[in-house]
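Right after this note come the structures.
Two complexes follow with chain A in common, the first pairing it with chain B and the second with chain C.
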Partner chain A sequence: MLKRANFKPSRNTLENFGIATAANGTPEQPQIPDRLCVKCPGCGKMLFTIDVQKNDNVCPECSYHFKMPARKRLLSLCDEQSFTEWDSTLYSKDFLSFPGYKVKLKSSRLNSRENEAVISGYGKISGSPCALFAMDGRFMMGSMGCVVGEKITRVFERATQQHLPVVGFTLSGGARMQEGTLSLMQMAKTSGAVKRHSDAGLLYITILTNPTTGGVTASFAMEGDILLAEPGALIAFAGPRVIEQTIRQKLPKGFQSAEFLLEKGFLDDIVARKDMRHTLSHLLKLHEKEA
Partner chain B sequence: MFSKILIANRGEIAVRIIRACKEMGIATVAVFSAADRDALHVSLADESVCIGPARVQDSYLNMPAILSAAVTTGAQAIHPGYGLLSENAKFAQLCEECHITFIGPDSGLIAKLGDKDEAKRTMRAAGVPVVPGSGLIDSDATALAAAKEIGYPLLVKARAGGGGRGIRLVNSAEELLPALHASAKEAEIAFGDGACYLEKYLNPVKHIEMQILCDNYDNVLCLGERECSIQRKHQKLLEESPAVCVTSQLRHNMMEAASKAAKAVHYRSLGTIEFLVDSDLSFYFMEMNTRLQVEHPVTEMVTGMDLVKWQIRVASGIQLPFAQKDVRLRGHAIECRINAEDPENGFVPSCGKINLLHIPGGPWVRFDTALYQDYTVPPFYDSLLGKLIVYAQTREEAIRKMQAALAELVIEGVSNTAELQMDILSDPSFLDGSYHTDFMEKREKLC
Partner chain C sequence: MEAYKKLQLARKSNRPTGLDYINHILTDFFEMHGDRRFADDSAIVAGIGRLCGQPITVIAQEKGHTMKERTYRNFGSAHPEGYRKALRQMKLAEKFGRPVLCIVDTAGAYCGTGAEERGQGEAIAENLSEMMTLQVPILSLFIGEGGSGGALGLAVANEVWMMENAVYSVISPEGCASILWKDPHKVREASDSLHICPEDLKLLGVVERILPENDWEQLWQDLPLLLHQKLVELSNLSGSELSESRYRRFRKMGVYGE
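Let's look at the complex of A and B:
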């Protein structure tokens, strides 16, 4: 067999073509940036971020649903150029001087490039007009403070005024503890708005995404006329670890997952992200009043 | 200039690229699959990294492994060779993100030219002749009107078609609608997309391609043509340059069109523009290949330029130091591909140990291969054993030289196509240069 040792090393020096290369200064050293790959929590495979993003943030191997940025979700769901954002300039203040809250707000804004943990607005899904909101997990885990509560309340108030159905994507760690009791008050406030919207005979569809927990579950997330969820979503008031530690019992397998809740009758259906637009447009069409 | 390059390929092309790097003083990193531990490119390179098991999907197409190999060895650029990842826009994009130079055009260009429909539209807009055809057909009436404009015979093609499905040959107006409906139905079932269009049917036709070389400063050189009409199942067997049928006027027009095509997309790196040339010497753009071609040595012989070295140089940002007027095409070159296939036995692939190897020599005889005595050809990869290239002043002399060289070539242990190549060289229609893309089909019918 021919081996490397059979060949002599070349004595040629690097050719200097007499022309400087175009790159000025030292070129960047080859390296694999952290954002290039992600590990799928579902199947454990290493995936290229671009493959996951192209596939609506769903693992191409095992269909694990990664979290989806709220803006991307709304833009990909609505008809092209049909989405108009509402209340984009509202942002939270640290009125309780809660330790570390200011820093957290700032880093969340930088990280998510959003002003708050929820984005709301008006859009059309396959031609059906509706009011929409979607929560963003990159902003303090989608926790509900005064601004989130206010924005959601306004969505329902506007929708009631304009006779629009509401489609909402929930994702939250619960009430924002940095805003104390005022954040808990948002549960009642949003629920009131949902009730008035409902009394006006209007449709509200919620899509519970991974994870929907705490005060959000206990208020507007579970108040939809039609409750849908994404596959594998954790839907809970208190999370499984908290319950296990409190009651000192092992929980059944798949407890609090969307599939478990569907089986127990808490949900109407589980819809994969790729079918979401189709399902929503179908539901909206069915509930449209004939002109 | 890069000081280290990783070669993401195997076989003769990996060896070819390593040789160019050695001349240029560039350190080389070979990657290999577990089945290629004894391959020549692994021994020739300065460093080598195993990137996975034998299956190409797990090794030579394993992008994370190849990128990791490049980063850990500190290679500044990756040469993809031909085939495998060479026209993979995603791989080129990943290289860009890792600050590794992909030796080829950027990912955007690969994607744009890889979409055949978009490439044709771009070329048509740039004024490059494209096979006359219709847009997508939406009704029987538009089909008939479009067919009248194109003229018969024509082809009905499905937009999503591939592998010969959704294609119908139509000789007259009566056959059009049944063929259209059949194609639409077939494509609907096979690809879920029944959209069809019409295209002029060219027959007999020659496959002639133009080599271009572009730097990052919009300089475009056209390095003449290659005649690649001798094909079997769309696999080229023998290539030559210049083409017999191409007159100097036609060559001038085709070179202009090729340059125009390259400029229209601001092409960078080495590329090939494939044309179909019909019997009245009209030529039509078919597709553009954004990589080094298997048959590049033919052009190297007639231009005296080392294409691999120039591809590496322009990728490192060097400006082409010469212009189109400095490109001189001289003499005649022929390349015969020697594949590990048994032509006597339906071209079944062959593999095994090379018991005896003799490579022909003499002036202007070149054999590009990764074979050596006692090497075992693995069964997992493509069947190319080597490429025999000869160069002479005239076509006649080149054919004689090739005949002599083929007779001298000895590869014992695996069946190969050397004998078939000798038969092709003595075929009357090859000798007078009148052959078309159906050459092999006609020949097989006679046998």
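Let's look at the complex of A and C:
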């Protein structure tokens, strides 16, 4: 479990500002951001929000990767008009009457304009068909409750049925404690579905994005055949603050970064957002069986 | 405040630990060490023994009783090598057709630099997916604390049983209180809200059976028979049936609207 307190609230409107889309997937009128400028956490420069947005939420100066709203990510990755969303109507219930959960769900829905912390569906990347999912940090820090677990499980079950590879972008603070032990069970449930997909000889590519932690790291995020990460992403089981509290020491800079994991042998590669589409299409094509 | 009391009971250092259970319910126990990758994790005790005469594989998280023991056992919090050691034993059990008994008692998987460097998340994730398709019966018994992913890493089982005063939680109530309410003193409220007690978990379908703790002498007599009976019953199923029933068990877990 990772603590929410490990993540700073987004310092700018950018991370909360995606391409707003209506339910049918067509872009709405772009909104005017609350602030015209953002300060890049990477290089400290002041940037025009619009410049960063045009650059796939990446700092044009230092290539710092801002968070990417899930829907914007999938729509910009998939071939035009090829993305069909699955299970968009699933919604979370406060079945334990956990203090404050109802309010949090409501504000997350308003804030993200999404039903839950993961979006899934079918799409094509440069012509290669695949099942996709992407997690959204604006919805309760991408935490995994029953709906996230169910949607991920269904992605793998459908992909197994339809013989599709799965491409998944992970981003999560961990299991959603407001759903108690049942949220923990989602780790086992999703892992089972991934295993069945894998045993059917199908490809699963995970892209770990900033931050991927806790119960998501300890389940479907780390179970990909190919593990990629975005530059600078924090990837951890226990977050830095929890470790610092446990060992009572400051952690070295870059501990648990994507670069650190690559060095320790837990990633296949680090891929910048601008190269993601090309890399994924390349990997998917290499795994396509000749008809 | 029932849940908080239970949590305190579950953590008591004079409760029987994993090794106590092994000594009481198994005969001819032979311990096996190491994950063949990095090290031997003393927080997890694993090996083979006889349960009512039948050889089984047992994997137990061990907390220890005295301070010295507890330090040596890292308070029952395993590193990645502990989970890999457990998986190695499960694979051996599969090869030789032995049922697996996992005894769970941990505050959680260890949160330290070494654990992160060696892939704590990856080690647990691998256990979850490999256990799901293991071709022999798996039974998990929670004897004290069942802390988050560290407990689940030994609990992707055909059935999960809990002692009356054991708990199973997605996060420690202290952690929950300090994250959500920025107040570690609200641990009682958090314990209640998280629904960590066996009775609640049985209603949610997370646990199959609750074992009473009122008479330990009686328990040490009955427990081997109960476990043996269940494992024999499960052994009548084929490998793929076992794997399928395990998948179905977890597949139905979740409450949501559609």
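Structural remarks
The working rule: the second predicted complex is superposed on the first by the 256 of 291 C-alpha atoms of A that agree within 3 Å, B and C clash if a C-alpha of one lies under 4 Å from a C-alpha of the other, contacts with A are read in each partner's own complex, and residues count from 1 in each chain.
Here is the rule we use: contacts are C-beta pairs under 8 Å (C-beta built on N, C-alpha and C of every residue); 3 or more make two chains touch, one makes a residue touch a chain.
In this text the structure is predicted, and so the values were computed from the model without any measurement.
Annotation for chain A, partner touching more residues between chain B and chain C: C. Once the two complexes are overlaid on the shared chain, A:46 sits against chain B while remaining clear of chain C. When the two complexes are overlaid on their common chain A, residue A:120 makes contact with neither chain B nor chain C.
Legend: residue contacts after superposition of the two complexes on their common chain; A:37 is shown touching chain B, with no touch to chain C. By the touch criterion defined above, A:255 reaches chain C but does not reach chain B.
After overlaying the two complexes on the shared chain, residue contacts for A:170 are found with neither chain B nor chain C.
Residue contacts after overlaying the shared chain place A:186 against chain C, while chain B stays out of touching range. With the contact threshold set out at the top, residues 1, 3-4 of chain A are in contact with chain B in one structure and with chain C in the other.
Those residues of chain A that touch chain B in the complex are listed here as 1-4, 6-7, 9-10, 12-17, 19, 21-23, 27-33, 36-37, 46, 48, 50. Chain A makes touch with chain C in their complex at residues 1, 3-5, 87, 89-93, 95-96, 98-100, 146-147, 149-150, 153, 175-177, 179-189, 191-192, 194-196, 198-199, 214-215, 217-223, 235-238, 242-243, 246-247, 251, 255-256, 264, 266. Residue ranges on chain C touching chain A, taken from their complex, read 108-113, 115-122, 124-126, 128-130, 132-133, 148-149, 152-153, 155-156, 168-171, 175-176, 178-180, 182, 189, 193-196, 201, 204, 206, 246-247, 250-251, 253-258.
Every residue of chain B that touches chain A in the complex is listed here, in rising order: 1, 3, 22-26, 38, 40, 42-46, 48, 63-64, 67-68, 70-71, 74-76, 90, 93-94, 97-100, 216, 313, 316-319, 321, 372, 374-375.
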